[in-house]
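A, B, C and D label the chains in the order they appear, each numbered from 1.
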């Protein structure tokens, strides 16, 4: 192994242990790692933004177009909008910096609103319109109960979210049921997610044992 | 909303935004004016939804009294700030890790405005660390304005709303460290969160802070519900600013949204009945792309 | 403070210590906790056993490093099993973030180091197996669904060359695989949605048998596909991987020569997961017992 | 007046364009193409904003260093590692070398392997510990709701325990049922409700009723 790889492994192990030490308590090693982490990650994203966004989407088409293709002058507009963000440092024209924020928010609000209605409300509602009279349903009680649970669950949770009615009487009862469904979901999802988290930890342990201490033929990169 | 006083400004804006792009767009020859039929159901939903919501906004403006049920997490906001004030400790407000292209972030900023106004009134220190730079820019405007409205612009400085880093976990490390070191009396975790939800909430919990969370990310809700004192679940987050501001116009939109929810509920129930007893799937199929 | 109260408010660091030990110890000294082989896993094993020597299977690496602990051992087990059965293996990668390195690392872990462009094509670990004839690595292709659709009968358009840049036609196995018709089944090792695509698209439209090795977190979703018959087998998380690994090692003890050098395998991961889960479960129960006792006592005190 | 109105108008238009193009086709499908172009512009705006963050980072940390505030050496480390990583990153982006010694791409990759990736993965892995402590503390039978939460979690957790499954062989099936039926139902309810809430919030933004993100007062 070359020096670069060895050094990277040792540094990686050092940082791994620094972060893990936070579990015991806050300490200078963690604080050091935290600062380096913030700095390095920021530097990484600066490089990444230039490499992945500015160079291909702005610099190449506007400033250095490949031979034979015209300059895309229209990109002056987003460039300008980007610059406008910085007018906030000049008191007199600081209000102009809102322009870029407004367009950005407006555009995505429009996109997201459609996405929520088309991609979430409609299909999720459609999936809830089930038939209790499917062939074989009544012979298979388990299936029938499952259908019932789905429908009751969706509807009661929706009722829980009604804001204009007080949670009293019938609505109170149904929304209480809705809360119970939420609790089943939260408990189950919590218990289930632990598995994924454990495998992340295993990844770190193998890094330390295999790559750093050099024991065994590793697995997880 | 009032009428825009500058029609010429509107025209200018359209030209600035749309015209050059529109003119340069590569035209494909087959397509002409028309409706996108695959989105027709969404169009109807959009029209009904906007119509109902705007009607209720109008009614509310006309002075109709609108009732909204209690939302425990939101009643606790002032209690949390009050406790921070008593203890002389800071309030930490985390607006999620996403940019302002995410509606949850915008909903969070609306709550932030309310929180910032109160902390400014009481002179309680507030800190808003950010992961996304645009959210940072917007949060800064929001807090600055809130301080101004509370009559304490003197309390605002560049450290109240600050920027940490663009990486999810580096941000989490920095904020967790801050929680443990500075022990804020109240932590707000409101907005769009991913895997860091539990890291932040558990670090905050270990310091004994009052924690109020809110998100619509279904996968993260279990972690907030188990580690925070109050959690705004999904739709409650979006209703928060209306609830906190108590402005009739806002409450009107919540009312309108409830009506649409009710229509949808009836549609689902009717659809199930028809499907079950007549075997007709029209009501379901209609909701899907045509 | 009495014991019950102390238990209820136990310093969380004790729990951290236990979780940490539970993650380290089984890796160094396997506990070999029992695995009960479940139906969806047995299905995969039986299918591989039922194939004739020389038939081709396709293994798609559709995950990245973060789920390596779950997916890596599945990749190892299926490749080792296939080669031990004298099946031929085509490896591809469709996951954009790191699938390409995962596939290469797991392949080399099983067959030994490779460098086909420079002539190192014989497997160190399977003496009679050769790159390009018995196994091959096509590399990574982006575009997910589109690529999968095109692969059905235009494999060489999707992968004009193998991972090392050699045109597929220069290898016997490369020439032979023109589309899904040439493979007995596809095994997708998936983090997220790509495994669902294999079922929805490739199985549904082209009738290619599909098996999936998924992460535990996405298992319930995949289980529904398995029940609907859209995939003939399913390895779910570390548990599924450990079961399959167990079946393979039982049937082919000679593979131990290779697998003994692995510091990590699904069995160890399963040990870690089981122990951590047991610790957490135990603590939840202890916490509740303490809580209930304490509450009773308070009530009586009043 | 226009200082306040104009941004709200921009937001309205910015939103109206994708909405209209979602429903309507225009000759040559130009509106759709224009909307897609807007999307590319947004990426550039978001990228440009990154430096806003950097400016603030320098403001805060340079002040810490110059006033020798508590923890100032860490502020120094932060800025130092930022500058180094950004230098290598920019060298990589523009395909040059750093000081003519290292190739930008190699150096940038090395920084990722030595610091960025291990730090990221380890921070993520802390979750394995935190789920344990959170579960221990939160899953107590305080009331009916907490009891349901606990029961659901326990069934799932026992479902992956090899010994528990030996005694109660139905547990894995119960796990799948809970995840696919009641859990999915509740999630669907949350998603539908939240999507309606988000749509209503979006409408308030487009109409200029919600404006706190711009730092505007109501009714201006």
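Everything below uses one rule, namely that a residue touches a chain if its C-beta (ideal position, glycine included) is under 8 Å from a C-beta of that chain, and two chains touch if they have at least 3 such contacts.
Only a predicted model underlies this, so the values are computations on that prediction, with no experimental measurement involved.
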Common touching chains of chain D and chain C: A
Most distant chain from chain A, judged by the mean position of its C-alpha atoms: C
Geometric centre: closest chain by C-alpha means: A
Highest-count interface - the chain pair sharing the most C-beta contacts: A-D
Mean-CA-position distance for chain D and chain A (Å): 4
Whole-Å gap between the CA centroids of chain B and chain C: 39
Mean-CA-position distance for chain D and chain B (Å): 14
Where chain A and chain C are represented by their mean Cα positions, the distance between them in whole Å: 24
Contacts with two or more other chains, residues of chain A listed in rising order: 19-20, 22-23, 31, 33-34, 37-42, 44-45, 74, 77, 85, 98, 101, 103-105, 107-109, 111-114, 116-118, 121, 125, 128, 151, 154-155, 158, 161, 182, 185-187, 189-190, 192-195, 198, 200-201, 203
Where chain B touches two or more other chains, by residue: 17, 21, 24, 39, 42, 46, 49, 100-101, 103, 106, 134, 137-138, 141, 164-167, 169-170, 173, 221, 223, 225-226, 233-236, 239, 254, 261, 264
Chain D residues counted as touching two or more neighbouring chains: 6, 8, 10, 13-14, 17, 19, 22, 37-38, 42, 45-46, 49-54, 57, 116, 119-121, 123-124, 126-129, 131-133, 135, 137, 139, 149-150, 153-154, 157, 160, 175, 179, 187, 190-193, 196-199, 202-203, 205, 213-215
Inter-chain touch pairs (all): A-B, A-C, A-D, B-D, C-D
Interfacial residue positions of chain B with respect to chain D in the complex: 1, 4-6, 9-10, 13-14, 17-18, 21-22, 24-29, 31-36, 39, 42-43, 46, 49-50, 53-54, 57, 99-101, 103-104, 106-107, 109-110, 112-113, 130, 133-134, 136-138, 140-142, 144-146, 149, 158-159, 162-167, 169-170, 172-173, 195, 198-199, 201-202, 205, 216, 218, 221, 223, 225-227, 233-239, 241, 245, 247, 249-250, 253-254, 256-257, 260-261, 264
Of chain A, residues touching chain D in the complex: 4, 7-8, 11-13, 15-16, 19-20, 22-23, 31-51, 53-55, 57-58, 74-75, 77-79, 81-83, 85-86, 89, 95, 98-114, 116-118, 120-121, 124-125, 127-128, 146, 149-158, 160-161, 178-195, 197-198, 200-201, 203-204, 207
For the chain A and chain B complex, residues of the former touching the latter: 19, 22, 25-26, 30-31, 33-34, 37-42, 44-45, 74, 77, 85, 88, 97-98, 101, 103-105, 107-109, 111-114, 116-118, 121-123, 125-126, 128-133, 151, 154-155, 158-159, 161-167, 182, 185-187, 189-190, 193
Complex contacts: residues of chain D adjacent to chain B: 1-2, 5-6, 8-10, 13-14, 17, 19, 22-31, 33-34, 37-38, 42, 45-46, 49-54, 56-57, 59-60, 116, 119-120, 123-124, 126-127, 130-131, 133-135, 137-139, 149, 187, 190-194, 196-205, 207-210, 212-218
In the complex with chain A, residue positions of chain C that touch it: 13, 16, 19-20, 23-24, 27-28, 65-70, 72-73, 76, 98, 101-102, 105, 109, 215-217, 220, 237-238, 261-265, 269, 272-273, 276-277, 280
